[in-house]
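Next up is a structure, given as structure tokens.
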Amino acid sequence: MSDALRTRLYDALNALVIVDPHTHINPHAPASTTLVDILGYHYYTELAHSAGMPREQIEEPGLDPREKTRRLIENLGPIDNTIQYSWFVELCREFFGFTDERVTPKNWEKLYDAALAKMKSPDWAGQVLKQSKLEGVFLTNDFDDPLEGFDTQVYVPCLRTDDLVFHLGKPEVRARLEKAAKASVGNTDQLRQAIGGLFKHFKGRGARACAISLPPDFAPARVDKGAAEAALQAVWKDGVNADAGKRRDLSNFVFWTLAEYCVEFKLPLDLMIGVNRAVYPGGVFQGMDLYDSRVSLIQYRELFNAFPQVTFPISVLASVTNQELASYSWIFPNVVTNGHWWYSNTPTFIEHDLAARLEAVPRTKQIGYYSDMYKLEFALPKFAMWKRILAKVLAERYVVDRGWSEERAVAFGTEILRDNTRRIFYRD
Amino acid sequence: MSDALRTRLYDALNALVIVDPHTHINPHAPASTTLVDILGYHYYTELAHSAGMPREQIEEPGLDPREKTRRLIENLGPIDNTIQYSWFVELCREFFGFTDERVTPKNWEKLYDAALAKMKSPDWAGQVLKQSKLEGVFLTNDFDDPLEGFDTQVYVPCLRTDDLVFHLGKPEVRARLEKAAKASVGNTDQLRQAIGGLFKHFKGRGARACAISLPPDFAPARVDKGAAEAALQAVWKDGVNADAGKRRDLSNFVFWTLAEYCVEFKLPLDLMIGVNRAVYPGGVFQGMDLYDSRVSLIQYRELFNAFPQVTFPISVLASVTNQELASYSWIFPNVVTNGHWWYSNTPTFIEHDLAARLEAVPRTKQIGYYSDMYKLEFALPKFAMWKRILAKVLAERYVVDRGWSEERAVAFGTEILRDNTRRIFYRD
Amino acid sequence: MSDALRTRLYDALNALVIVDPHTHINPHAPASTTLVDILGYHYYTELAHSAGMPREQIEEPGLDPREKTRRLIENLGPIDNTIQYSWFVELCREFFGFTDERVTPKNWEKLYDAALAKMKSPDWAGQVLKQSKLEGVFLTNDFDDPLEGFDTQVYVPCLRTDDLVFHLGKPEVRARLEKAAKASVGNTDQLRQAIGGLFKHFKGRGARACAISLPPDFAPARVDKGAAEAALQAVWKDGVNADAGKRRDLSNFVFWTLAEYCVEFKLPLDLMIGVNRAVYPGGVFQGMDLYDSRVSLIQYRELFNAFPQVTFPISVLASVTNQELASYSWIFPNVVTNGHWWYSNTPTFIEHDLAARLEAVPRTKQIGYYSDMYKLEFALPKFAMWKRILAKVLAERYVVDRGWSEERAVAFGTEILRDNTRRIFYRD
């Protein structure tokens, strides 16, 4: 009975056409061209590497896609228990007619060819969007992205700002900023003006959010003008070798400036809190980052209080921070919960974290899920995983434990899965 | 079968008459007089505010109860998913004959009037106690409460000490203390004597516990006499602006003195660990506090070792501290687990935290639940929520997983729910 | 149906003959001689003490085994809810024909005598191993253990190094080291050589791992030769009273040296992270340790990067660190998950932690469980507890949620329970 109930709830939720509010899709090449675009996703390369495959075998320059696929397939056996592997199999079944339980050295070539044929079909990206029931996907755009040559209704620009906040000391970042601003940036007034130009450009091209990922020791603070100016001059002078306090002041100044522009341009500011970069520098591309779970949202109290007009959709990297996220969203009107990020994007953590949010955060303030994908084919299996868990939690904790009707449970799920994205990111 | 089993266990537990070992009931006005006393509970005002209702609409001075109720009802839609909302509906059903699924702008007036009629009936408080199967509720009394004019067998005094430990630097707190002590408090000997007088008064009026809530960075330590004296003089001189180290020394001195008197007066010392006050100063009344979950019970090691004669019923604010609580209760004879506090008082956290305690802490050392209520009507739905979870955990983890008989499971639940409160707080 | 499924999976897993990869077995007295060897396990003494039994009653010198058993049995009532108590009852049923639900003052004597008779039978240890389906148990050997007089195929030596890393300042530890090394240890070269001698001795006697438990504030770092030498001289001079920085430098030097020898001798280095020793000095033997859960694997980043050739099977003390463990194992090829340690070795935490690992860590990198036992009789009930949870998680999350066949689920479980221990510890 409970299984049938879960299936009914899942089917209802799975019928919805939605927007994916955070991805890394390249709008000029949104879908895959060979199976290696799928298997090149860092989850597969890093897990295969973790299980023993040398990085050099994976990242050999000039490797033919078919050969790289073969190598990876031969090394996926040890990870076929993972949820990430299940995404791969599910998308192969849904998109490429694959019917086996696992992709092995014996059956991969047929799959490779079937995928290749599909991917060559006209408007493959459009087919994937349609089959995945996606009417829009949010992008992650560099601050100097021209945002041209694609339909911004479907591929929705978002201003990603890690470089501005944390890497302004790198000469190439300053150069990119000055080029984008069409002006030199010699002082904080000019910096503020340059950043304002980016917001204007992005907003004009339909951007729906400003976003940033943050290390666990970041604690945003307002910096006074004098200190900000001193910090900028120090960083302009010494680059990444500038005094740590000065670099922190500059990060804070830029971050605070972003929040100010989010007020002016009516943009939510997505915070993805808790990642340490390059903890394992010997890892594969995008497979080097980890975290220190000792982080608290109390570090953001000054920010949340200073910007009541800005909505902060927040993702946390570790499940141990999820209760704080639920509590802060329950108290602060401008804090909303956002998806299940990266190392917390596995079923056990999703189930626990989702259940905790559902019962304590206003239903209008929960953005259920985003795929974080680099290629369109991943939205389907990732959202399917999440919808199954949502259906399970709604079935067990609402219909069974609290006596809700199925209709009410589906309506709640619909809000979390579809409506809140519209409500929060499309206010104007 | 499992559902039927859960129901049987729940029914057995639900038949018990119990004492609620922590509330904020005003013994002179224990029950509600209109529905606004119910909806004025900070859970509803803060969640409605979080979902978008301006504080000014909620806290407008001189607002008529009916109008305030109307306004709140109109803003509860976005929070009707929360467990707190379910408490409201359940108590409306149980006490006021409400039969709908939700309270809406269309059906609230009839409910308001039905509640009003009930609340006007003679001995409404007594009726609520009886229907809620409560034979006693512990209070939270200011240190200078005269404790007169109520039946202390039913409304059991508890000495709340936050003001003494953390706010002695405020002139009004010193004045209240000197008035209660009927003596001036100019040095630490006099301070100790004044505090002793409070204990004598409370114990003489049937107090069953001393209690305090503590911020996450508090780490109690013994302070020597000289340092304590210097701290007191500094705080008497500079009040809340005294040097932070001096204020901390005074807090520690007072806290340690409380523990010493708990030995002398044979009172448990309830510790509620982990709250940061006024994190969101723009919030509604009692809706401003949050927390930093980076706290450890290791901060209390010196205390637990120094006072083996004192029982410390401990509540933790964040579920991530629950394992430490279970472990410290498993090792320290004087540490007992106490309820599910505030931001952890939602089903997902309760289920996880309760299950972890049940299987690792001696059954005589677990105080299952307290309501923390401000008005009597809330004990029924809050305890009902908890008893359902207890029944679920006992059914799944004891009867099914471990083969316990239902009788044994109910006996265990009875101890946690009812008997341990008697055992721990009524030793003399 | 789900119950039947769980039972089928359990039965399949329970048929396996395995190696227990971490115990404290004394190979010269591996099994119990009276019931007091069972009840003397710190779980029973510390829980009985926690529930009110004075330490003096438990640890009275010269106490007769039967009398001590009687005393403990009389004090186990309050802990008969715990999972640890269930281990006791299960082993009494499996090994000694006990048939009641609880061991009480009324039925214990018959059990005592039945156990005594069994324990006197020839090759009792062999019988226990066979009934427990154990073909080997890893030991925890002092660094100066001669490792003689037992079958190292069954009782597999492991070099435990806490004393070397943290207690070299104690004169007796230095003396033991110099005796084992048959040389004086006056400088870091000699220290390194002495440690090398220990590895050679252990490896020659079939050791399969080097192991250490670590406090939460330990963060291993490479120490340069000059600093190491200064540290050693300071500790040789002032012992445990040497400057804290110097003692830390020496700990780091020794720890790093161990890792270097693990490369040379191809030994995994078991890290058991997070314990604070003697938090409750008034507790019973082995019942004084607790922890500060604020610890992060980021403290080990330098180590993991510096020793890619060394496998680090890692145990964490608190469940809040489990997600980091899963994530670090997912990224670092040389990090593997190892069992469920001590305060996390209870069903609720095991279930949550195990489920999180199963779905995110390569299946070849998870060592499912070890018993940590001091007497052989405990492997059976402890592994049985864990296998039941494993069967539950595989049933619910793989067969039901993800549509796996039962065969595939059992194969996965077999790898975690049996094969990975062989794969990781028996590479040469």
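Per-chain residue numbering starts at 1, and chain names A, B and C are given in the order in which the chains are listed.
The rule is short, and it goes like this: a contact is a pair of C-beta atoms (placed from the backbone, for glycine too) under 8 Å apart; a residue touches a chain by one contact, two chains touch by 3 or more.
Keep in mind the model is a prediction, meaning the values are calculated, not measured.
In terms of inter-chain touching, the protein chains here all touch one another pairwise. Between chain B and chain C, the superposing rotation on Cα atoms measures out at 120°, rounded to the nearest 5.
Copies chain A and chain B of the same chain sequence form an interface built mainly from non-equivalent positions, shared numbers / all numbers used being under half.
One inter-chain figure worth recording: chain A and chain B are separated by 39 Å, centre to centre, where each centre is the mean of the chain's CA atoms. The multi-chain contact residues of chain C, meaning those touching 2 or more other chains, are 294, 320, 352. Those residues of chain B that touch chain A in the shared complex are 3, 46-47, 49-52, 78-84, 86, 101, 276, 279-283, 287-294, 318-320, 343-344, 346-349, 352, 388, 392.
Partner chain B is touched in their complex by these residues of chain A: 294, 296-298, 301, 304-305, 308, 320-321, 323-324, 326-333, 352, 355-356, 358-365, 397, 400-402, 405, 408, 412.
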